[in-house]
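Here it is, the structure, as structure tokens.
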Amino acid sequence: MTRATSRPLGETPVAALPHQAAEADLLRRNGAAGGSGDAAPADALRPDSHRLKPSTGHATTARAGRSLLAERAGASAGAFSKIVRDLFRYNREFALGSILAAIVVGMAILSAFSPYSPINIYVVAPDMPPSWEHPFGTNSRGQDVLWQLTYAIRNTLVFGFAVAILSRIISLVVGLLAGYKGGLTDRVLMSINDTFIVIPLFPLLILFYFVMRDYMTWALLALVMACLGWAYDARLIRSLMMSLKTREFTRTSVFSGMTTREIVLREHLPYVLPIVFSTTLNNINWSIGLEVTLSVLGFTDINTPTVGTMIFWANQHSAMVSGVWWWFVFPTFFITLTFIGLFLLAVSMNEYIDPRSRLSRMGGTA
Amino acid sequence: MRFLKTLALAATALVMGAPAYAQGTTSKLPRNETLIVENPNGTIKNPDWFNIWTPAGSVTNVATGIHQLTMDTFWYIDPDYGLDGVWDNSLATEPPIYNDDFTQMTVKLRPGIYWSDGVEFTADDVVFTTETHLNNKGMTRSGSYQLNVESVEAPDPYTVVFNLKKPNSRFHALFTVRWGAAWMMPKHIFEGKDPVTYNFNPPVSLGAYTLHGYDPNGQWFTWQKRDDWQRTTIARFGEPGPQYVTYVDPGPPDKRVIAQMNHELDIIHDVSPEGMFKLAKDSPKSIAWFKGFPYAHPDPTLPALIFNHQLEKFQNRDVRWALALAIDIKQVSMASYRGAATISAIQVPPTGTHPDFYHFPLNDWLSEFEIDTGKRKIKPYDPTIGQQIADMLRPSMGDQIPTDAEEIKRAFGAGWWKQDLEAAAELLERAGFTRRGNDWYMPNGERFSIKVVVEGDGRPVMTRAGTMVAQQWREFGVDATPENAQAAFFPRRGAGDFEVIISWSVETWGGHPDLSYFLDSWHSEFIAKPGEIQPPRNHQRWGSPELDAIIEEIRGVGFDDPRGLELGREFVKLTVREMPTIPLMSYNVFTVMDETYWTGYPTAEDPYTNPVPNWANSRYMMVKLRPTQQ
Amino acid sequence: MRSYGIYVTKRFAQFVLVVFIGISLTFFITHLTPIDPVEQMIAAITTFSQSEPEAVAMMRVSLRELYGTGGPILEQYFTYWRRLLMLDFGPSLSAFPTPVSVLIGRALPWTIGLLLTCTLIAWVLGNLLGGLAGYYRNSHALKLFGVVAMGFHPIPYYIIAFVLLIIFGFLWPILPISGGAAQNITRGLNLEFIQSVLRHSILPAVSIVLVTIGGWFMGMRALVSNIVTEDYVVYAELAGVPRRRILPFYVMRNALVPQVTGLAMSLGAIFNGAIIVEFVFSYPGLGRLLIGAVYAGDYGLVLGVAAISIVAVSAAVFVIDVLYPVFDPRMQLT
């Protein structure tokens, strides 16, 4: 039962493909296709969490999780860099993910060195295909696509993360509270929660645009979307909490005299965190997708370059049929890169955090 | 895996199973007898609503073919040169006959005109139409009838007399088609029905076509030539060519280009400049109004930067002039139309017959026109800017750019105001503005900022123009940003909820020099209080006693009186001095026509009517179109 | 069983509450819009036609009277609920006097037909392949499929749709790119019409399936690969149960619970329409109706679509919650 902690991290075997329950709810949202037609599960209970298992398994997992947290808390900066180095060396997903993320972040940082203001048009000759002078070509508005894209990637990333982090906070608080407290608290919170789930998002965002007008900057849009985009995941976290509560190790912890706070933080958070990570990724994909959809229809601040507004302007200039392919291919390429990078990172992080997946790998049954 | 294969097989079978539709997928009608036209109103929510006399019928359910092919009224004014002159007596046999003080208008009707169900059109229909509007409030033009008409009578089946409540020398404008007008109602259909709630389905036609079929989801409407087309007014010009005409919603601009290249869309209403260039380059059968650059048909509408005169910062003429001089129109033309714009320095669109009446004769006056910057006098007009735009485009566009100076003037416009940042700065200083660094501050010490409201993807070209102007003002030191209003654009324009809006407050007949079409509504008596809704079209809410005097005099002279043209020119000179809005260019519409199945479209070389297919005037096209494939 | 009855009752009360709050919120938010349907209509009418200022003023007065858009908002609110409880959505303001329910009724079959089919196809395919990929983790074909699905998932939907459209409607024009069916054919239950509808639905359907299948695939693969390590699966394998029995009966069955939840949720969300699909392919569904209504300030229509969507999604959530204890008896009823 102490196998999990007795082995140094670096010895985690490298698996062919990432696989753990946290992935279950990954990529479920199809924000772009359905507008508000999200397909995230309301109660994606992890099936393993309510199957009968030998109780020793639970005890093992619980202790593994707890000791892991303790280990992480005690990790110094040096240990941290060692972890990263080991992950990098032994975990292919982590390595690839970090490289992709670095490329994308590098693009975003490049925006600080742009020779052109992102809102000015006709600063270079329009419609030039990619060349040494303009590696990504120039668009029909006389802007350099590379530099324009650096701003777009920066803004889109900041936007996606802002929405994700804000909505994660709300969904964690609501989900944990409702799931753990139950009863009236749960009913009240879930009624609010469900209201947010059922209200059709897309017309709402458009109406917000009309009401807020030019105050509808991307920062405000991020805030609005964070306030609208937490409900699914809160429900997910709540149902996870509810099932964790019924499990044996929770009772064991209660009997062993741990406080509620300790139980939630030490025993349950390790189970919840992977969900949070994967929903974060989901949420980023969803918010970026929705931003693109709104932009394509012209309902965002068209003066701020984002991936969505780049597609908006490309569309305004019939770039698709007039052969200016570099105007939409590069943004699409980078948004895909961003997403795959984040996905791989999330997957490898989850593996690192989720005690069960580490156990399963060591068990060798996979 | 097997499931996937089955699915793939099934899909392929489905695609291959219907090879008959491989090309020309849109319809079963014989393609060589069908003209397919874009309906710019898109998909119609309530396609079974053909009652064009009600508000719901006159917003979106108009350009479905119903007002182009089945409606008729007394007169048509062509926005271009017309089949037989600009003025066409349609249901009337002669122009309106007014009494001396313009309180009575008599109309002589054309005999032998029949509704598509075989009933003759007579004065009874006119009287019924008029009285229905007088007795019902909820119809689109109820207001116009009720304001003007005291009574209507029909002394005989082919004569109608309108007795007016007050003198109105332009009352006939109600029944004169410029895009649309007040259409005649069939008495035998509407009698005994509530004209506000009756859907007029199936519609009875007074034009050469009648309804063949429509999509219950509103995507297309097909009209069929009447067997008795000879009993309609258009028959004077010959037999209409197409047996069927389909008006269809082809989707966003890129798809219109694709549809035309697949020869599934004969007339594109409008497309982006880039889409136009693509068709000019890769679709050899596609033609446009101009054979080469700038292709587009200039509509008699004048997009301008409209100031809100109820805001203090725009009340000083020097400020408005300074902002005009801070603009480089060549760049605006490039950014908006990629150079394919027809520019205008004055408050009359450079379209139809207007250049001959206004732009060219006023050239000398404009060239000599001076403004006082406070430090010196400058002559801001540059008559060669149209030429400069043509020269600027020639290296990339080659021989698509005309070389003849006269041709260039008509295609690209004559001149405009020369960008002069120094003079602009002097004007602002004279108005009490101060400059710190490059930034301008208003006399009250606040930063001089301007929000330029644009319409967004509803009107992409104007959105681009507004973005460019904002950028130029920014470079001049004004804190200017474009603001995308989307669907809130028109309500905001009406409510005066803007600083500067890029839109139009000038629309004209096009073919006729009379300006009353828009100018009458510029009278100061109609200016709304701040916060209240301004009636169209004086969106700038600008008034001046001099202008009122001009308008009042125009009201007193006849439609064709030569004095009207003189007054029109006085209006132009007044607005050049005052610069109430900054006129930019005509509203150029990239109407693209495919000659694969049809020839005889109107073009600048044969400008018999406006090709822009949502104009009711485009009905004249039908009699000139001939099939290329029998 | 009695406690289950109480649970369902409580849950139903919550469903009613959510629908009430949802519709009320939407009512007030839609009425906040600065787009006035009457002004929008007047602007559209006067943009093209000559109009005397006094005549426009008269039109404004009579339109306001006709549409009943005046009056205090609370009064309108109560009127709305009174009508709604009688299943009357009132008239559409931008297509007056056509009732909102007629407009929705025309668009709904297309939306449901396209989205229901696509959602089901994507769900079945995604889960099937995902399950296989989770179980047979060394299959190269399935791995490749995973990578492709991954790559497609984040691409903005608009781009995928348009690229498909350009390939099959332009470069190799074999499929129709606009509308729900061909023009001028008899609508109804005849082969020609059905074939036409199917052909017109291929591109929109493929584009929807392409972007959504990845989500189901990933989810199922992860769930299955997690369950595979569970002891009871290991025991089954050790006990010699054939692998082709283990995957469907031991593994996928358990993994389906969250996937069915997701399916129910996305089926509920169908009533929002697929805005971009309909926009790109000019498909005659609810999404475009909704956008058009927002543009026109036609809040009667916006509310009508929103109300249907709210009821549908809440009902989906309700049904899932009611069914959960049946699937999972260990759940505590609250």
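Each chain gets a letter, A, B and C, in the order it is written, and its residues are counted from 1.
What we mean here is this: contacts are C-beta pairs under 8 Å (C-beta built on N, C-alpha and C of every residue); 3 or more make two chains touch, one makes a residue touch a chain.
Predicted, not measured: the structure shown is a model, and the values here were computed from it.
Q: In terms of CA centres, which chain lies closest to the overall middle?
A: So the chain nearest the centre of the shown protein is C.
Q: Looking at A-C and A-B, which pair shares more C-beta contacts?
A: Result of the comparison of A-C and A-B: A-C.
Q: CA centre of subunit B versus CA centre of subunit C: separation in Å?
A: Roughly 38 Å separates the two chain centres.
Q: Quick one: subunit A and subunit C, Cα centre-to-centre, how many Å?
A: Here the centre of subunit C sits 23 Å away from the centre of subunit A.
Q: In whole angstrom, how far does the Cα centroid of subunit A sit from the Cα centroid of subunit B?
A: That gives a centre separation of 49 Å.
Q: List, in ascending order, every residue of subunit A touching at least 2 other chains.
A: In subunit A, residues 210, 213, 297, 315, 320-321 touch at least two other chains, as defined above.
Q: Would you pick out the residues of subunit B that each touch at least 2 other chains?
A: As it turns out, subunit B has residues touching two or more other chains at 252, 254, 258, 486-488.
Q: So which stretches of subunit C touch two or more other chains?
A: Answer for subunit C, listing residues that touch two or more other chains: 34-35, 162, 166, 170, 279, 294.
Q: What part of subunit B is in contact with subunit A in the complex they form?
A: My answer: residues 252-254, 257-258, 271-272, 274-275, 277-278, 331, 334-335, 338, 451, 456-457, 460, 463-464, 467-468, 471, 481-488.
Q: Touching residues of subunit C toward subunit A in the complex: what are they?
A: Counting only subunit C, the residues touching subunit A are 10, 14, 17-19, 21-22, 25-26, 29-30, 32-35, 115, 119, 134, 137-138, 143, 146, 150-151, 153-159, 162, 166, 170, 207-208, 211-212, 214-216, 218-219, 221-223, 225-232, 234, 254-255, 257-259, 261-266, 269-270, 272-277, 279, 287, 290-291, 294, 302, 305-306, 309-310, 313-314, 316-317, 320-321, 324, 328, 330-332, 334.
Q: Show which residues of subunit A lie in contact with subunit C when the two form their complex.
A: 16-17, 19-30, 32-48, 50-54, 57, 182-183, 186-187, 190-191, 194-195, 197-204, 206-207, 210-211, 213, 242-243, 245-246, 285, 288-289, 292-293, 296-297, 307-308, 311, 315, 320-321, 328, 332, 335-336, 338-340, 343, 357, 360, 363, 365-366
Q: In the complex, go through subunit B and note every residue touching subunit C.
A: That would be residues 3-4, 11, 14-15, 17-18, 21-23, 25-29, 43, 45-46, 49, 54-56, 58-60, 137-138, 140-144, 146-147, 173-174, 178-181, 196-197, 212-213, 215-220, 222, 246, 248-252, 254-255, 258-259, 261-262, 486-488, 490-495, 517, 520-521, 526, 533, 535-537 of subunit B.
Q: Which positions of subunit A touch subunit B when the two form their complex?
A: Residues in contact with subunit B: 119-122, 140-142, 209-210, 213-214, 297-299, 301-303, 312, 315-324.
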